[in-house]
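Before anything else, here is the set of structures, which you'll find just below.
Next come two complexes built around subunit A: one with subunit B, the other with subunit C.
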Partner chain A sequence: MIIHCENVSKSYNASKVLDRISFQVTEQKITGLIGRNGAGKTTLLKMIAGFWHTSSGNLEVFGNDPFNNLTVSANTIFVDDQMAFPETLTLWDLLIEAGRFYQHWDAGLAGRLFEYFQFNKKQFHHHLSKGKKSTFNMIVGLASRSPLTIFDEPTTGMDSAVRKDFYRALLKDYLAHPRSILISSHHLNEIEDLLEDILLIDDGNLVLHTSIDDMREYAIAITGNYSQLDAWINGKEIFHKEKVGINEMYVIMKNDVPTEEIERYGFHISSVSPNDLAVYMTNKTRGGIDDVFDSK
Partner chain B sequence: MILDHRSTTPIYMQIATWLETEILKEHFKQDEKIYSQYQLAEMFQINPATAAKGLTLLGQEKVLYDKRGLGKFVSPDAKKIIKNKRKNDVLVKSIEKIVMEANHLEINESELLQIVQQVYREKGGEGK
Partner chain C sequence: MSLIQNKVQKNTVIHVNFLEAVKKQYHYKLHAHHSMFGTMIIMQIIAGLLTFSNQIYSVNSNNIDITVRIISADLIIGLTFLWIIIMAFQLTTKASKNKMVTFVTSKQTNHLANILFMITLCFIGGLTANLLGAFVKMVVSVMDQTDPFIYFAGTSVSEFATGILATIAYMLLIASFFYLIGEIVQIHSILIIIIPSVLVGLLFILGVNVEPIIGFYIFTKSLSIMLVKTLVTAFLLFFAATLFGNRLEVRR
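Coming up: the complex of A and B.
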């Protein structure tokens, strides 16, 4: 067990950012943390890394309360676009210092990635562009080989070619050196193949914790005649419905109805990508962007 | 093969189907060791757990068998099992769809059979 999280809450002043979250992460998995802006992803990750206190509940990482804990900090790296490095050291010096700090550091990998992404040894971190900063931080995150590696929105500012390279490098290095990886992202469609499990949070609550394979089969989309489909879904659990075309309806619902029944009504079935499902499951009560314009 | 993310078929089943085709093409012969979950993960850029699920599926269908500690191997009956399964699952289901489409288009049985025969003459024997 790497992470044990039981009824963990976090509040700032009067507002609750995380509300009694419970889940467990077992060893050597890549887990994706998915949620909208402000859902509480960074707060959760920073508490796991031991940067921030919990407000209540029981959080254990490697069997310890992570806050101010030596075991946790020696075995964990937290990568985001705000990693702080000493301003007087060049990029190359930073890699050398990181090698002294992280027990499992792979200097060869760090050097090869450094060269591949065309960094200059004498450059300074604070002079890098946003995307280059993220790329350098990613190199540190991968080369550290930390038993718990946390990437919080690691691809901020990276162009799509670098993002692809990053995902590929992450998977290759994980296959060669399995470890526990937590990665938060807005781009679930880009990372879903890498993931084993997914944690979906919305507004401080845990919505779903499942394997990505189960999430791919969790829901189905049904299209059909508006009034027929509307009558049929009555009483069923629906994640999303919208009118399409002139009198057709598009519905996303839990995948627990036999295909034959749906086909008998002449409805059309299609799959729902984990990314779309995540969007719909975290968008239930607010309606859509169309409502903003329609209610004018 | 490129994975189809828009398909209703889950990734692990696409992996299983691809391996079946490799076996039918005899790229893997009887009692030969098949790709490991890690090799498949690397080839298709997927999580090894997803690849493992595809392998497990083929194990359950007796297409593959386990040698403890050595990996998964192609079982002697693999081709027979795959052909049987595909005939029932893929071929019959595909024909059901074709017949339904023919109904929509008001194409009768003999017309449809003619088309099938024509396509068979053109494409039959390909893909072996």
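Coming up: the complex of A and C.
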């Protein structure tokens, strides 16, 4: 058992950030933690890493309460854009030090990635640009080969070429040296091909925990005559509906109705990408951003 | 998805030995603070230069004028004490703890590594402060050699050794005290105001006499007893410091 999360909640200053989250990670997989800004992704990850307490519930990582636990710390690395390093050590010094702490550290990989991304050995971490910091932190995270590797929005500030390289590097190294990876992002469309499982979080609640394949089949998009479709969807689980064209409706609903039935009505079916599904399942806004600017 | 189907599961949970972890953290801290040793040396040299211009006493009687000039390592040692206070405090800050959490740590390994680090600083600081003091004395004695009526009362080796040991012991006492205060203060920022206020209140307003407490350590005639008193107290203060702050969250 790698992560056991049972009814875990987190409150901070009277606001509930996470509400009774339950899930398990039992195998080495790449799991994406997807959600809007402020959904609770970082909170969950920092509790798993042992940085923060849970307010209630039972959280175990490698069979231990992760808070203040040396075993969990030795088997976990938390990578984000705020990784703290001493200002007095150069980038190369930091790689050497990291190598002393992590049993599975691959110095060769670290060195090659370091050169590939064109770092200077004598540079200091706090002098790096935002994107370069993220890139360096990513190198540390990958080369550590920690049994549990956590990436919290690791691509902050990275340009798209570097992002692509990062995803590819992550995948290649993961295939050669499997481990449990948790990667949080709000760019599901970018990392979709990388992921095996998904945890979808919305407003502190776990909305979905499924494989990426199942998520591709989870919902379907239907278009058809407005009044006909409107009548038909009555009572069904709808994630999104909108009027399109002159007299048509576009609906996204759960995929639990046989295809033949839908086609008999003359409706048109298409698939829904995980990214779109995630957006619709976590959509909160009434109206749109334009309403802010339209004068009343 | 087909890419990932054939991966092999490997169960490789790493188990770390507590003392190994402490050792690695200790070395990390030494490496990270390497510039602090340079800072200390500079502070000591400045104090050393200031020591050259100090206490001169004159005594006159019928036919004899006596001028006494006292050179001691006090200023250098005093500044070194200030340095160790700053170092001890720094180790208790959130910034310092966040840096440890990046790699492999627990609250307890961090405390122990900090303590070993401070002990190292005390040894080095105590040694260099006294050596520099001896150097200053030597320079003064050489400078004034031209006058035949100079009597130079030097320092014996045992006095010198006592000086070094005493400095190290006092530094350990000071370091442990301020490390403890630093850890307590981390619990709540309001304590930064409360604790000094209480101390000021006790000392100046209520006139509580701290001489017995300080005298307990300073006015001992025997070196070995003083060492025992100081080191035991330092040990207790360090131990007390490890009891605080273990529930604090990091990377907030």
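Keep this in mind: the second predicted complex is superposed on the first by the 283 of 296 C-alpha atoms of A that agree within 3 Å, B and C clash if a C-alpha of one lies under 4 Å from a C-alpha of the other, contacts with A are read in each partner's own complex, and residues count from 1 in each chain.
Throughout what follows, contacts are C-beta pairs under 8 Å (C-beta built on N, C-alpha and C of every residue); 3 or more make two chains touch, one makes a residue touch a chain.
A quick note: this is a predicted structure, and the numbers were derived from the prediction, not measured.
Enquirer: Where does A:K16 make contact in the superposed view: on subunit B (first), on subunit C (second), on both, or on neither?
Expert: Touch status of A:K16: no partner.
Enquirer: Would you mind checking which one, subunit B or subunit C, touches more residues on subunit A?
Expert: C
Enquirer: According to the stated criteria, A:I269 is in contact with first (subunit B), second (subunit C), both, or neither; which is it?
Expert: first
Enquirer: Looking at A:E217, would you say it contacts subunit B, subunit C, both, or neither? Reply first, second, both or neither.
Expert: The first partner, subunit B, only.
Enquirer: Using the touch definition from the top, say if A:T71 reaches subunit B (first), subunit C (second), both or neither.
Expert: The answer is second: A:T71 touches subunit C but not subunit B.
Enquirer: Taking the superposition as given, does A:L89 touch the first partner, subunit B, the second, subunit C, both, or neither?
Expert: Only subunit C is touched by A:L89; subunit B is not.
Enquirer: Is A:L175 contacted by the first partner subunit B, the second partner subunit C, both or neither?
Expert: So A:L175 meets both subunit B and subunit C here.
Enquirer: Tell me which partner A:E196 touches in the superposition: subunit B (first), subunit C (second), both or neither.
Expert: Both: A:E196 reaches subunit B and subunit C.
Enquirer: By the touch definition above, which subunit A residues appear in both interfaces, subunit B in one complex and subunit C in the other?
Expert: On subunit A, the overlap between the subunit B and subunit C contacts is residues 30, 171, 175, 196, 212-213.
Enquirer: If we count contacts the way the header does, which residues on subunit A are in touch with subunit B in the complex?
Expert: Those in contact with subunit B are residues 29-30, 167-168, 171-172, 175, 189, 193-196, 211-213, 216-217, 220, 269-271, 273.
Enquirer: Tell me, which parts of subunit C touch subunit A in their complex?
Expert: 1, 3-4, 7-10, 12-16, 18, 21, 24, 27-28, 31-35, 95, 98-99, 101-109, 246-247, 249-252
Enquirer: Please give the residue numbers of subunit A that touch subunit C in the complex, ascending.
Expert: Result: residues 27-28, 30, 46, 51-53, 62, 68-71, 73-75, 78, 82-86, 88-89, 93, 97-98, 100-104, 147, 171, 174-175, 178, 196, 212-213 of subunit A touch subunit C.
Enquirer: Where on subunit B is subunit A touching in the complex?
Expert: Result: residues 3, 5-8, 10-12, 38, 41-42, 44-50, 53 of subunit B touch subunit A.
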